[in-house]
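Shared between the two complexes below is chain A, which pairs with chain B and chain C, respectively.
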Partner chain A sequence: MDFSQIIPSLPSLWDGMKLTLQLLALAVLGGIVLGTVLALARMSSNTVLSGLAKAYVNYFRSIPLLLVITWFYLAVPMILNWITGEFIAVGAFTSCLVAFVMFEAAYYCEIVRAGIQSISKGQLNAAYALGMNYGQAMRLIMLPQAFRKMTPLLLQQSIILFQDTSLVYAVGLIDFLNAARARGDIMGQSHEFLIFAGAVYFVISFGASTVVKRLQKRLAV
Partner chain B sequence: MNYNWDWNIFFKSTGIGSEIYLDWFISGLGWTIAVALVAWIAALAIGSVLGVMRTLPGKVLPAIATAYVELFRNVPLLVQLFMWYFVVPDYLPEATQIWFKQELNPATSAYISVVVCLALFTAARVCEQVRTGIQALPRGQSAAALAVGFSIGQTYRYVLLPQAFRVIIPPLTSEFLNIFKNSSVASLIGLMELLAQTKQTAEFSANIFEAFTLATVIYFVLNMSLMTLMNLIEKKVRIPGMMGGAK
Partner chain C sequence: MSMIAIKNVSKWYGDFQVLTDCTTDVKKGEVVVVCGPSGSGKSTLIKTVNALEPFQKGEIFVDGVSVGDPKTDLPKLRARIGMVFQNFELFPHLSITENLTIAQQRVLGRSQDEAMQKGMHYLDRVGLKAQAGKFPGQLSGGQQQRVAIARALAMDPIAMLFDEPTSALDPEMVNEVLDVMVELAHEGMTMMCVTHEMGFARKVADRVIFMDRGAIVEDCEKEEFFGDIDARSERARHFLSKILQH
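Now for the complex of A and B:
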């Protein structure tokens, strides 16, 4: 084992990590926004709307993320071509981001739904009694309380998402793992670079989940 | 728009031998099931041992199990797979190395790596479920068992585990489904399981949407049938009037 080439390679590994973190941040943001919309749709009294949201969630929860990533990589450019009628070069990054947002939204939806359902119904009734409409009641009363409650769960799901971003390897995007693989091959130390990558993922995930556990204890009443 | 929809594509020849595309999907599904089932049985066995270890008195055994869980839960599955496929074989004894790398056909060595990887990865998750199941039992259960003269082994064997496993069937079901979905990473080390066959069909026939739609339907049906099966098992083993049986 010879880890000597890791330090000189840090800049290119950092480039990979930047892509991983960018993808993570955008996917978490998009996933939570879409997940919240889905959760509201699922709890709607409109049966068509709630049925559609339920089907969406069940669909994405029963197929592998890797399948979604691969499919979108091939399909997103084609779909855009149909819509706009011209060829638009969509990078692997965009198609991966779309895949992650749509896939993770199904998981975030379930967390948000549980969060909203854990707020007592009296809150919603009180908001209506004060003359608020549905939008105001959700935006000003229900969601702020629900999000405070479910922050630890949302963060935990995001740690899983952080690990799952490594799957973009399948479409050749140079994320942290792929950067480590490529660099390790060039330097002739592929084992060492892979072990290093695993260690970095471990330290970040373990550190983050320790912080989340602490947060959970502090938020618990 | 210049896409030729063709839902009959699955019955057309692949151009390789006399195979039609549907044959590829069937063989892919076969590999997916072969990976997931074998890995699941191993994960269940290892995970149960670890789960019991985490609840044992003393310090050393619970600490080992905890370290295992943290290690395998915080490293991405794909990194673990690359470790088992690219790194670990190089540190095996020489005879085993030659056998693994040269004598086995590539599909078999990829298969072994994936099964080992998924078994150990999923064992960490099973461990947590088993531990939660045991800890959810009233403390009086183990105290009573020890009081009537059971050894620790007998307490787990006859009192704690039979109850704990019944309680954790639902979370175990979702881990069981996950192992099928996770087995798709095998496509990245060249095992021709369902996703790899789908990709190959999409590339050979250029009928991307049909290929991926069929794959989605297969995964969906697989999921639904496994879930139904697990629900049946849960009902079958339920003890009326006992915890979890009341629901």
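Now for the complex of A and C:
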């Protein structure tokens, strides 16, 4: 084992990590927003709307993420082309981001839905009784309380997503793992670079998990 | 003039009929107490008044506005009717001040200053001005319920609905809430109160309604209701004998 080349390679590994974190942050943000919209649709009294949302969630929870990533890599440019009528070059980053957002939204939806359902119906009634409409009651009363309760679960899901971002290697995006692999190959230290990458993933995920557990305990009191 | 007119209202949950042909009327400035055994439909009836519970048959008018009419702007109607719940339902993520002002600002479009002034006025009236900066979780049950009443009053309601406002409270806190309600009644507020506090009913009610199994069994003047217990229906007598023992 020879880890000597890792230090000089840190700048290029950091470039990969930046892409990983960027993708993660945008996917979490987009996934939670879309997931919340889906959750509200699923709980809607409109059966068509709730049926569609339910089908969406069940579908994306039943297929592999890798499939979604590769499929969107091919499909997103085609769909855009079809909508706009012109050819638009969509980078691998964008198509991956869309895939992650759409896939993760299915999981975030279930977390958000459970969060909203954990807030008593009485709160909603109180909001309505004060004259709030549905949008105000959700935005001002239900969602703020629900998000507070489900923050640990949303973070836990995001830690899983952090690890899953490494699947972008399938479409050739240079994230942290792919950077480590490429660099290791060039330097002839493939094993060492992969071990190092594994250690980094472990420290970040486990560290974040520990923090989330502590937060969960504090919120539970 | 009748402020709340309930006409032949029936409601079903699937096959189960919760309300059966309920008809009553609350005049402007009147205080009506609704009592009855658990599960008799009191909460359901009072919630149909501000459309928190839909109903399938009959009509309800609040200040002349039909509650069941699909064309009625429900948020607008509800904003004019105050409601106080058994479990207070203050918003736990908002401070007492924000609880008092949020609907005034977002629903009535009042300025922050105006909402604040109104909110503080009513908070003072329920004797809790010193608690303005706290959060609901830091107050006792009785204090929370008084804030909830202040929150409803700050909207300048034309009528107030109470659904067992004291039954979730420790006994020593019941009176501080009832005192506020008595004062409100004396000031001429139109009130429909689901409660088993017969002392309150005797003191301020104009009429008493007794419900059983989804139907209004008794609906009479207070003097008549309490005056001759033997003239009441058997179910009402049974109910009264149970709660008056306490």
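Methods note: the second predicted complex is superposed on the first by the 221 of 221 C-alpha atoms of A that agree within 3 Å, B and C clash if a C-alpha of one lies under 4 Å from a C-alpha of the other, contacts with A are read in each partner's own complex, and residues count from 1 in each chain.
Here is the rule we use: a residue touches a chain if its C-beta (ideal position, glycine included) is under 8 Å from a C-beta of that chain, and two chains touch if they have at least 3 such contacts.
Just so it is clear, the structure is predicted and the values come from calculations on it, not from any experiment.
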Query raised in the report: Which partner does A:148 contact after superposing on A: first (chain B), second (chain C), both, neither?
Result: second
Query raised in the report: Is A:96 in contact with chain B, with chain C, with both, or with neither (first, second, both, neither)?
Result: neither
Query - First (chain B), second (chain C), both or neither touched by A:128 - result: second
Query raised in the report: A:71 contacts which: chain B (first), chain C (second), both, neither?
Result: first
**Report entry** Per-residue contact with chain A, leading partner among chain C and chain B
**Finding:** B
Query - Which of chain B and chain C A:140 touches, first, second, both or neither - result: second
Report task. Mind sorting out which residues of chain A both chain B and chain C touch, each in its own complex? Result -> none
Query raised in the report: Which positions of chain A touch chain C when the two form their complex?
Result: 120, 122-123, 125-133, 136, 140-141, 144-145, 148
Query - Touch list for chain A against partner chain B, complex - result: 59, 62-67, 70-71, 74-75, 78, 81-82, 85, 163-164, 166-167, 169-170, 177, 181, 190-191, 194-195, 197-198, 201-202, 205-206, 209
Query raised in the report: Which positions of chain C touch chain A when the two form their complex?
Result: 47, 50, 52, 74-76, 78-83, 85, 87, 89-93, 102-103, 106-108, 151-152, 155
Report task. Show which residues of chain B lie in contact with chain A when the two form their complex. Result -> 1, 3, 70-71, 73-80, 82-83, 86-87, 90, 177, 181-182, 184-185, 187-188, 195, 198-199, 202, 208-209, 212, 215-216, 219-220, 223-224
